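Each of the two complexes below includes chain A, the first together with chain B, the second together with chain C.
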Partner chain A sequence: MAASMCSKLKLACKWKKSKPSLHILRLCTQHLCSANEEVAEHSQEIVIPDRIERGPTDILRALASTVARDQTAAHYKYHDDPFFIPTSNIAKRSYALSKESGRKAAHWISNQYPELFEGINPADPQIPVLMPDNPKYKHEGATEEAVLERLDYGKPLVAYQTYQDCLAAGVKLSADARDRLLAILCYYNSQDPPLTEFIEENWYKRARERGVRKSWKDQGPADQLFQDMGDERTCTSYKLIIRGMVKYYQVEKAYALFREMQDKGFEVDLSTYNAILSIANFLREGNEQKLQLAKDLMLQMETQDIRPDLTTINAVLELLSKFGNWKLARGQSLSVLAEMKRLGIEPSLGSYYFVLMTWCKDKGPISTILHDIMKHIDNKDLTIRHLSDLNFFVAAMDVCHSHLCDMRLAYRVHRLVHRGNNILLLGDSFKQSTYYMHFFRLLCATESVEKLFEYYEDLVPNVYTPEPSVMMDVIRNLDANSALEHLPRVWSDMIMFDMTQREMLLTELLHVMGREKLDDTQLMERFGFIAWDIKTRIDAKLSDRTYKSPTQWTGEMVGDVIVVCLRAAMFEQAWEMLEALERQEHNILGFPSERVMQELVEACIEHADSRRAVKCITVSSEIGYPETPNFARQVACKLKLTDSERAQMIDIVGSDALESASV
Partner chain B sequence: MSAPFTRCVLQSKFNLIDVIQANRVFQAVVVNHTTRERHVHATTRAFSSKDGEDKKYSSDPSTNQESKGKHDGKKSKSDLADLLGSMKVTTNTDGTGASEQKPSKKLKLAHPPPKTKAARMEAGVFTEKKHEPSNLKDVKDWILEPQLLSAVRKVAESLPGDTQNTESELITKLRDHSAATAGAKSDVNLSSLFVGMKIDREAPKRRSRQPSRDDVTDRPDAERRPGFGRSLVPTRPTRKLYPKVEERKEIDLFGASPLNIFKVPETPEERVSEEWDIWEEYNNRALKDAVTYSPANAFVEQIQWTECGKLWPFPIDNQIGLEEEENVGFHEHVFLDHLLADFPKRGPVRHFMELVINGLSKNPYMTVAEKREHVDWFRRYFEAKEEVIHSAIEVA
Partner chain C sequence: MAAPMWLLVSRSAASAIGNTHRRIATTAACCKVQAGRYKITLKQNKPLTYEQAHPPFQIGVCKSWNSWNTSNLCDAPRASDTLYEDMFIRKFMAGTWHGIFVSEVIIKRRHNAVYVSGVVQRRLHARKLYFLVGYTEEILARFLKCIVKVEVQSVGDRRDVVFKYI
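Let's look at the complex of A and B:
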């Protein structure tokens, strides 16, 4: 290297035969020489590092880790075109699912008409996931090989069909083949395995998580197969059917089979014990009895020398978390954790989730155990080890918000979530938005406007679109902190999030805008535009007959629009609102407040519009405000009235009121 | 901004509590007065019962009175009427704690519980102790401590043995009871009182004032989200009520006494691998799917494509997917002469087969096994047609 550098420098010297470059050359060569000497001293042993085996995706992973989230960009799954970037929750959902449904349509075509693609697929070797999903089986007919082949292709129902053909033809399958068939039937509840390819669908589908209810197919293929086995049931087949039943909450039968299995002298294994432990909640009445059953099961495991694992411990913790406000549950959960430590089992997030559920009950005493949990998991990179792990972050944020109302703790949780790849454990769309909902509501309740908007700018709308309740809290936070200058921004976000027909939100927004007159005339003008925008949007939906549930005007809203318009020097618009109020008397519930009427009367006086002033007084007296005579007096004092107008006024408030004014 | 308001609400709450307590005292007085000593525990029961107090108060005196009968009926009835009349006035005019302030002649009548107790104690009825807690609880509210002390002293003197000792024993006992019952009582009362009270008082004021930050946190959820395991707490108290981080008690998560069910394994991590557990395999797959989300950038997308086999895995290997030929050398594809060993040495068949071999050695699309099979097919064919070939050659 030194040589090449020297030659380059020499070259440079040749071109520019000047003194300075020669000087540089001399310096460089000196430097290089000294460097060479140093190298010679230390270069006795050169250790060539061992080759590191790389997995097929390691380079991609390294590259992916260099890409940070761009807070101004929509998610990668959306088309990168401003017109197609969704902001509201409903748009996000429908765009993502539309894309997926295109993919599904392609799948359907390829499965329905595989012949269209024959011979034009250049891939060699073929790529199975891109091929039509109707494999050409090598083995046909009723044989064991045929059943196994269909199992290899992940087609339990076709395999079951072939198995039945075998039965009919009198072909006997080996115990192993039958157990394999039983395993897949039990795991997927006698259905084909769900397609994992459709990520978006799963992302949104998990929102509607099935609660605890029995979904096991009684007398389905799995049950049938198990019955067909008769006396030839093996230990494995018992294990499989029990686990399947537990997975789909057929608890009574599962427990009965568990007892039968023990009676027959089969050895129960770890996973099956875990399964029975996880349904202990349904097998006994009363908390003590349930816990006793769990302990008995664990003692049985111990006598059989089966070592528990994370699932075992989590099952017990889950049981404890279901005990309502049972006093002993808290202490017991700590005992289980201690046992866990004694056995050297590292708790997963799910274990902490169950502990949190045990300690922080809705109606129970306040517990700060989340602080202690955070102490153990702070600054850790977490991976999924148990399905319940996905519940932890949502529950933790819920506890921070509803249970402790502790913003500092919430920041800790939030930091942990955004560390490394921990965000993967936040769960699906529903869990994610619940998490952010709690986070933002807590921010609104405890933090300043600046802090709130710091997070708002970061996460909204590309990561999270606030629900109406959160927007409500944001408006209230702005109101409580007298930061009304942010309201126009909130309104434009509400338009983006498709919340322009949320009656509660609109009422609140109008109410906050109309509460008091501020000195900032520019802001008041913007409020006026917003109020008028709200009005036009409501009216547009009201006149659109196809729209199902438009917002209905209330007197309060009309009053707020009038007031805001008046302050924005939009007298004509304010007047239009009053006329609308009169026109649709029967559709509008309630009336504008007396304060509104007063401001309106004052505005009329200011505009020297006696006709409208009289009109105001008419409306005010129809509503029956006691201040009406006062209004009349003001009008009479400050405006020139025609005779007919005067007569009208006397009609309304009586001559006495006006008399006293003129005197 | 909210502090004055909270204070005012609290104040009004306490006022209400006072009023109610005063009322209770009155009622108790009435009952005690009319039913005399024997019915003391009727009142105490009424005190300890959480609900339906009013009913009890209204029914108890009358029924008791009836049962009590004629002895002192007339007089007590008139007494009661007077008493009730005066009370009504005092509650209406004076709101809080009227009973304490106005120890009228009639109200003095209303002090039987301590007297009866003292009397009973004097009589040496020690089973009375069962009633002590509830009695004392009432006593503490309106009876001065000295009276109690003197009663205790009297009891102690009347008993045989060490007077001082007995007295101190009795007092400690009483003190324990009073502490315990006072705590229990305040809990019961507060919770039962606050039911249905708060909302009525606060609701109308909401609109008229500037909502404070406390208020913001205090509103019920606009919409509840269904499906989530824990229901959201609809109303939250203000932040001040929660324990601060500094005040909280640390919980040692792993410091409790373990269940001690399992033996601690001597050698860590020697998992007995189960013979064949397809179930675990499915479980692992489900776990992996649970954290597979739509890709966040193009690299992640390529990772997903690689994993499901749509992209060539790294390192790039153009033999990928050709596993069956993995251990077959190049020479086996090209040098196929040995396959012709048992064909005729010369003649048209030989000539034809040499051409076949030539072609096969240049064909990259067939495996070696297929090439052998191909040559074998010709061998079988020519063997079958041997006679036909011979006759044809002869004719030629």
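Let's look at the complex of A and C:
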């Protein structure tokens, strides 16, 4: 019995490619005891898999992969306390940067007064990152060891100083040591390396601060060192200085040195070719010439039998994407991709980013290439392979929104971003908010309120705080779908996001609230409270002299506040608004519309307040509305006026209008 | 009769500061345990937090320890170092977060990190408190040569942590 079981199991294993089903496993364990010896006979085929090499953090990674980002909690750099959790974009930024600024202050103190930190609890062995930044060097004086030691401590400028001492003392450094010094100087552009522990600053740095501009230090230590080398320049020194110059956009000199290097007969390597390819855009005028240069460089590579890699291909694709609206570029970019496939190089997100940039130009024809790209990368766990990879998702969402206006495609991109660790490829804070801005604006433009709020609840405010333009779109979406019951929620979010002084937003919100009278009296009352809240907030900032650019009232806004207050049965507040309009005639631009005046007159009649009714008619005639005599007639019909009020009315609209009413 | 050991010590201490008079109190009041207990005031208006309201024998019953570490276990090292560092941290917090902490400073040692926590009042802008958090973490890390984390919770007003008035 047991033997037959075992043979069955083996059969099953064969069929299922060594994946025995649970059922068979269970049967097997039942008979395992009795069949032990026979199993031993038949089980020579069991193969123990090779040991998989694990890194020290693999278990942590595996554990982390079981937990998703909690969208309802703030980022872990903020303290989990209502007072410490930021909601507006400006608070997020200032809190994170303040914390880092505190750490910087501590750094400064530690470096300024190193003696204070040595007495207590000296660590053994020393922990360099927790020590004041004044390393005790073993080697002193002008020697090669001293230069290299200072390099190891991450002090290129001190090392350069020691190198100069060596020069003065007539000590000659070996070629290898000089190349090492040159490498560090080139890599950091003859500056001390930036502190890597301050990550927030990098995260919040504006994209344009890192933009394309020449920042190479001409005649700086790197240049000087390279000149000092004279005839002893090695192939490596050329490669190093060219790559350094390319990194900091000293393009002309880099290319000149590249030619010099070739003339001297040094062998150019892959990364140097890649560097020169990446600046081909600046070396020639005109698209044809630029492309020709790139082709020449690649032909040279071929003659030297150098296989291109991802960086090479991305450099070419980047060049093609810079060509403006040039038809040839699109075809070329596809053939580069095909070439890539032939060479067996898997395109990275950056490659697709450049293809997108080539095909989907602002003023160019509509292209659906993103659909094809998505076919290739959908449902994949992506990793960063090239610096430009970080641009892809932002660009893809931008294309979905402004180029194609395709919500279904946007969902696909969004799903891909939120798969596994792909979100790490979304880039810094600026890119992230741009991505979500496009996503939400597209949602507002195409989706229903329910769908919009599904994503809104999920991502706002901890993952993303909407910009004013997005809030504007949300309000318009609510208006278009006549879902005004969500407006109070939007207003409370606007307060949280610190948008209570955005004139455009306030105008739009008041306008939507004052558009028409709804049957829902409770909602109308809440609108009244919101309008009054807006009014108090604007007035508070107007009277606060320290506030630089307060929102200015416009006649339209005043009118909307009046109307909303009237509908919320807040007659006194509405009247206060009208009086404010009269008081600050010179500060308020424009007037309330005729419709507003009509509603106000009707409200006065309803409250049987003849004094105020006459006042309304005065204001209305001062503005010059043609309907004023009509208002006067209504008032005269429905209210008892005193003689002086009647005289006032006659003054304004003339006796004819009133008499026709009394007849 | 030979003087007891402590008397000799105190005599030598007294002579060291040049005081020839010895003062010995033998009343029961001297043996009264006073640490961690608060006197009732005349108007009974002295605010106490929950922590202060419970005398030390309630530690582990109604309230908890202010320092969490394993230095005082059998054969564990660094008992005095830990105490010294904790006092240093407490003094540092009292000076740097002046008048902001409304609870005791709780110091926990887990693995190679020191966690400094407590309740703060919202007297300063959150931005400034974040600056203090960053500053404290970094400078204490440099003093103690290990990772230091500050974990604070906030209350609107000092009165929010008052448990009773005595």
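Quick note on the criterion: the second predicted complex is superposed on the first by the 602 of 663 C-alpha atoms of A that agree within 3 Å, B and C clash if a C-alpha of one lies under 4 Å from a C-alpha of the other, contacts with A are read in each partner's own complex, and residues count from 1 in each chain.
Criterion: a residue touches a chain if its C-beta (ideal position, glycine included) is under 8 Å from a C-beta of that chain, and two chains touch if they have at least 3 such contacts.
Small disclaimer: the values here were computed from a predicted structure and weren't measured.
Engineer: Given the superposition on chain A, are chain B and chain C in a clash or a fit?
Structural biologist: By the criteria stated at the top, chain C and chain B fit after superposition, with no clash.
Engineer: Using the touch definition from the top, say if A:Met298 reaches chain B (first), chain C (second), both or neither.
Structural biologist: first
Engineer: Quick check on the superposed pair: does A:Ser110 touch chain B, chain C, both, or neither? Answer first, second, both or neither.
Structural biologist: second
Engineer: A:Asn287 contacts which: chain B (first), chain C (second), both, neither?
Structural biologist: In the superposition, A:Asn287 contacts neither chain B nor chain C.
Engineer: Please indicate which partner A:Ile59 is in contact with in the superposed arrangement: first for chain B, second for chain C, both, or neither.
Structural biologist: A:Ile59: touches chain B, not chain C.
Engineer: Going by the contact rule set out at the top, does A:Ile127 touch chain B (first), chain C (second), both, or neither?
Structural biologist: both
Engineer: Which touches a greater number of chain A residues, chain B or chain C?
Structural biologist: Residues of chain A touched, chain B against chain C: more for B.
Engineer: Compute the least Cα distance separating chain B from chain C in the superposition and give it as a whole number of Å.
Structural biologist: Nearest C-alpha pair, chain B versus chain C: 7 Å apart.
Engineer: Just to be sure I follow: which residues of chain A are touched by chain B in one complex and then by chain C in the other one?
Structural biologist: Comparing the two interfaces on chain A, one with chain B and one with chain C, the shared residues are 96, 127, 130.
Engineer: Give the list of chain B residues in touch with chain A in this complex.
Structural biologist: Residue list for chain B touching chain A: 210-213, 215-217, 219, 221-223, 225, 227-233, 236, 239, 242-243, 245, 248-265, 268-269, 271-272, 274, 276-280, 282, 285-287, 289-303, 306-310, 313-315, 320-322.
Engineer: Using the touch rule from the top, collect the residues of chain A that touch chain C in their complex.
Structural biologist: Residues in contact with chain C: 79, 81-84, 86, 91, 94-96, 98-107, 109-110, 117, 120-123, 127, 130-132.
Engineer: Under the stated contact criterion, what part of chain A meets chain B in this complex?
Structural biologist: These residues of chain A touch chain B: 54, 56-61, 63-64, 67, 69, 75-77, 96, 124-125, 127-130, 180, 183-184, 187, 196-197, 199-200, 202-203, 207-209, 236, 239-240, 243, 269-271, 295, 298-299, 301-302, 307-308, 331, 334-344, 355, 357, 362, 366, 368-369, 371-373, 376, 384-387, 390-391, 394-395, 398, 402-406, 408-409, 424-425, 428, 430, 434, 437, 444-446, 467-469, 472-473, 476-477, 479-481, 504, 515.
Engineer: Quick one: in the complex, what on chain C touches chain A?
Structural biologist: Touching chain A from chain C are residues 81, 85, 88, 122, 126-139, 141-146, 151-154.
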